[in-house]
Amino acid sequence: MTPDFWPTLFVFVLASLIGLGVIRRVSRLLHTPLMSITNAISAIAVVGSIIVTGSDYPLEIRILGAIALFASMTNIVSGFLITDRMLKMFKTGSKPAGEK
Amino acid sequence: MTPDFWPTLFVFVLASLIGLGVIRRVSRLLHTPLMSITNAISAIAVVGSIIVTGSDYPLEIRILGAIALFASMTNIVSGFLITDRMLKMFKTGSKPAGEK
Amino acid sequence: MAMTGVTQFAYLVASVLFIFALHWMNAPATARRGVRAGVAATAIAVVFTWAQPFIIHHWWIVGAIAAGFIVGVPLSMVPLTAVPQRTALSHAFGGAAAGLVGTAEFYLGWQEGPGHLTTFKMVALVLECILGYLTLTGSLMAAGKLQEISWIPQRPVTYPGQNIVNLILLAVAIGLAVAVIINPTAPAAPLWFAIIIGLALLFGFLLIIPIGGADMPTVIAILNAYAGLSAVAMGFALDNRLLITAGALDGSSGLILAIIMCKAMNRSFINVLFGAFGQVQKVIVGGEAKVYKSETVEGAAQVLEQANLVVIIPGYGMAVAQAQHKIRELYDQLKKRGITVKFAIHPVAGRMPGHMNVLLAEADIPYTDLVEMEEINTDMPQADVALVVGANDVVNPAARTDKTSPIYGMPIIDADKARMVFAIKRSKNPGFAGIDNELYFADRTWMLFGDAKAVIGELVKQLASGSGMH
Amino acid sequence: MAMTGVTQFAYLVASVLFIFALHWMNAPATARRGVRAGVAATAIAVVFTWAQPFIIHHWWIVGAIAAGFIVGVPLSMVPLTAVPQRTALSHAFGGAAAGLVGTAEFYLGWQEGPGHLTTFKMVALVLECILGYLTLTGSLMAAGKLQEISWIPQRPVTYPGQNIVNLILLAVAIGLAVAVIINPTAPAAPLWFAIIIGLALLFGFLLIIPIGGADMPTVIAILNAYAGLSAVAMGFALDNRLLITAGALDGSSGLILAIIMCKAMNRSFINVLFGAFGQVQKVIVGGEAKVYKSETVEGAAQVLEQANLVVIIPGYGMAVAQAQHKIRELYDQLKKRGITVKFAIHPVAGRMPGHMNVLLAEADIPYTDLVEMEEINTDMPQADVALVVGANDVVNPAARTDKTSPIYGMPIIDADKARMVFAIKRSKNPGFAGIDNELYFADRTWMLFGDAKAVIGELVKQLASGSGMH
């Protein structure tokens, strides 16, 4: 075990508990946007991709990294954009409807 | 900075977020028992007290530890007992009331 | 390659922002703030990782990021009906990213020789790669099934000995994983690792083929959880808490959405993953003696005009027909007459959690008129008309009464309790669960056969032309 | 002294159990499960800490734990009215424990020489000790004020130059803290550390004296947060995540309770800590021309018998008089006549958050009849009788109307909207905020002067004897 293992496991367990608590309270109205925003968040693998792509590593390693970085970045861009696009559609009835 | 500092700070921040989320949802009915149960939980200092009391340390250090252990243990015992005592009183109206 | 305090602190801030991003998704009013928090968190993560001194190949990074934008922007503009496929495809990208980073880390460590790959790190890398690559092929299959690509079978594919084959493959994978974890610097280790990757890719494929196309939404949620967990494994391998926090959030999200779907269908995880649900269709037919009563659009329009409370129950058919904009026109026509119009939203109507809500929101229908199942059911007996638009299973009373029905026990919208029911669908074919629907034969039900968009369009025309006379 | 994996795992389990313990406090139905989870977590923490191989003085531990039980059990049996004092006393114990452990760790490290006290550990130890010892004396003072011990002044104590004295002391403390953190093994370090401890003890004392006795409940919540934070600091010093998690939970709890109380009183933290609120009393008198209308117990009983909906509004006076059991009898008498009885619970009625709820629950009144302020206010206009039992500020309409009133803006229970109000109190004295209450002069209000327990007792007697005639 590395010295960091236990604190890091703690972080994992606490973050999972937070996740369960927070996600259970997401409005049912928004479950589709929820799927796309978590999709964007899981592209946090971008951190690992940047390290592998940008470090002083052999070429073939960096190629793997660059593909991973491209894939992560695609998810980040498309995930947040589409979530926001969907959320913009949700309107209350208070304003005069059908302005469009 | 010790190597464990950052993971441990993560633990602190996540635990605080969990605390804020969980405590905000505690029923207002139960705020008095909440005060006494958190009182018992903060006696977790018992962990440090046991280490200081029981290790192979000089006598004067162990005396400090023993006092701390006594104080923590008092809080644990009285905190949980009084919380439970209060909670036992909360009844719904469904059962025939006033059995007492 | 230790990180500086500044970077560590930035990662902590980003983690907290991700948590708030999801927290703010709890209501439409704050949800866009959630997106901004998510974007900020990701930007912080990218900038502070990039800024570390050991990052030197900046043009590589610029190139890959630019390519990501070039592909990502169009991918965000797909029609809303294609959102499930897009999500599946994205999971495939996410799985690939995790798998590739894991692979790179392993070969790097192997080249650098003993000491770089501790047992702990190896366990994390193996898990990261298995989860990542399995998510890659599994998600591609799911996307294919949802896009109804012709050479991917929609029906569950099962064959004799399927379980035995899977178990043998699993045993091989575990054996190799143990070998490579114990002896990561063996000359053969890269080969073993490559075989493990191959098996993970194969597993993703094998996991999906026995599941029917219509169960793909649940599968997508589960794959979302896997993608999150592979980010967690990467976090353990790289000793990075930001990855662990964000991954854990995704894992919880996928898990909870899958549970919600299973509950709303009254099925278990196991049943979804191995139940080959779509096959039930041929078993239950019967009831050919029963008759449907059809109604004309004119007649339906007249009834609607007289109503006080109309409850519209949309289902998958509305999504197929893209009828939401016509429904908006109908809603306006009815509102103009002072009629109360509510939408009854079943949690699994459509093919994706929240499917109906986004489509109706797209048509500018205020979300305050979208009512959840539990709530609308108490009002159903007061409804003068229940207008079923391409919904089927979610209004099937067999779920309440018929113990032999495959959907028995699934909570439904009580359309049959309304004073009168109009049901729009194209044919006498059953819905997703493959079973007949008693509602359509009920005394108070009249069918409006046809494509949902067309039928509603005609209803609107009737009401619009008749509105002067009213 | 590194911990084994088993211990680490046990600590993780205990942390999760603590989280669930507080989670289950969200409803009375699951709250006792929460206590069991808390007990289990603490037991795990104790057992696995004790079982570590470097723990050798077992009899010391047994002795201290036994002493803890001997004192703890009786402390758990105090009457419910003494709960605030008990809580304050407990915080003093908790603060002492944290401070003593911190002190022991410092002297130990100092004796063992350079290298043992890293800067990081020193920062944690100094914070632990300051928070711990400050909590100790602060809580003792708070407990004293709540117990109304004669030589502890109830009134806020302020004197000229108070702030300057405090600032000078703070500067000295910070200077010494920096010195001891930078140079922890200096020969003079133990002396510096001792002076820091002394100053912390003094600060606890100075913090409380300018605060009025009645503001002690808010102070207790803040001291609860401090006690939690000192456990967090201990966790950083000992590199122990269990302490950090549990401490953070307590910190949040104290913070949130303090915020709730401040909001319900429409005051700020700053105002509570430095506002010397209780002094306002003498300023506002006026209105001596106004008259109270008294009512007899017989008359009140007759009115109550004719009511359909009676709302009882308890306040601090009910706690002082211990009238909850008599109220229970009144409740039974009214219920027997088919009258609906509800209790209107203001969030800061009494002297402790949730004070009224525990007292009424003690008298076996079902908690389903205890209604929160926001909810009961919508029903108030329908109430035939509002019976105010020893409440004052929480029903003072000045909070709604009089901008000059010190309680202006505080949300109140709208007793004045009921068709008729009976108010039980002993005298014409004001309540906690020290201001007159317009409600008592209102047209529809009749006073029932006397001790709450006595007055309600007589009401019950009237109703019981009259019940045959009804």
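First chain written, first letter: the chains are A, B, C and D, and each begins at residue 1.
Following the convention adopted for this analysis, contacts are C-beta pairs under 8 Å (C-beta built on N, C-alpha and C of every residue); 3 or more make two chains touch, one makes a residue touch a chain.
Please read these numbers as outputs of a predicted model, since none were measured by experiment.
Student: Where are there more C-beta contacts: A-C or A-D?
Tutor: Most C-beta pairs in contact, of the two: A-C.
Student: Please compute the C-alpha centroid of chain C, do the same for chain D, then give the distance between them in whole Å.
Tutor: 47
Student: What whole-Å value do you get for the distance between chain A and chain C if each is reduced to the mean of its CA atoms?
Tutor: Those two chain centres are 16 Å apart.
Student: Mind checking the centre-to-centre distance between chain A and chain B? Centres are C-alpha means, answer in whole Å.
Tutor: 36
Student: Which integer distance in Å separates the CA centroid of chain A from that of chain D?
Tutor: Their C-alpha centroids are separated by 41 Å.
Student: Where in chain D do residues touch at least two different other chains?
Tutor: As it turns out, chain D has residues touching two or more other chains at 15, 19, 241, 245.
Student: Which parts of chain A, given as residue numbers and ranges, touch two or more other chains?
Tutor: Those would be 1, 4, 7-8, 10-11, 14-15, 17-18, 22.
Student: Determine which chains touch and list them pairwise.
Tutor: Those chain pairs satisfying the definition are A-B, A-C, A-D, B-C, B-D.
Student: Please name which positions on chain B make contact with chain D in the complex.
Tutor: Checking each residue of chain B against chain D gives 1-2, 4-5, 8, 11-12, 15-16, 18-20, 22-58, 60-62, 64-94, 97-100.
Student: Touching chain A in the complex: which residues of chain B?
Tutor: For chain B paired with chain A, touching residues are 3-4, 7-8, 10-11, 14-15, 17-18, 21-22.
Student: Can you tell me which positions in chain C touch chain A when the two form their complex?
Tutor: Interface residues on chain C, with respect to chain A: 1, 15, 18-19, 21-23, 25-28, 31-32, 34-35, 38-39, 41-42, 45-46, 49-50, 52, 54-58, 60-61, 63-65, 67-69, 71-73, 75-78, 80, 83, 86-87, 90-91, 93-94, 96-98, 100-101, 103-105, 107-108, 111, 118, 120-121, 220-221, 224, 227-228, 230-232, 234-236, 238-257, 260, 328, 332, 345, 347, 352-355, 357-358, 361-362, 364-370, 372.
Student: Mind pulling up the chain D residues that touch chain A in the complex?
Tutor: Residues 5, 8, 12, 15-16, 19, 241, 245.
Student: Using the touch definition up top, name the residues of chain B that touch chain C in the complex.
Tutor: Its residues touching chain C are 1, 6-7, 9-10, 13-14, 17.
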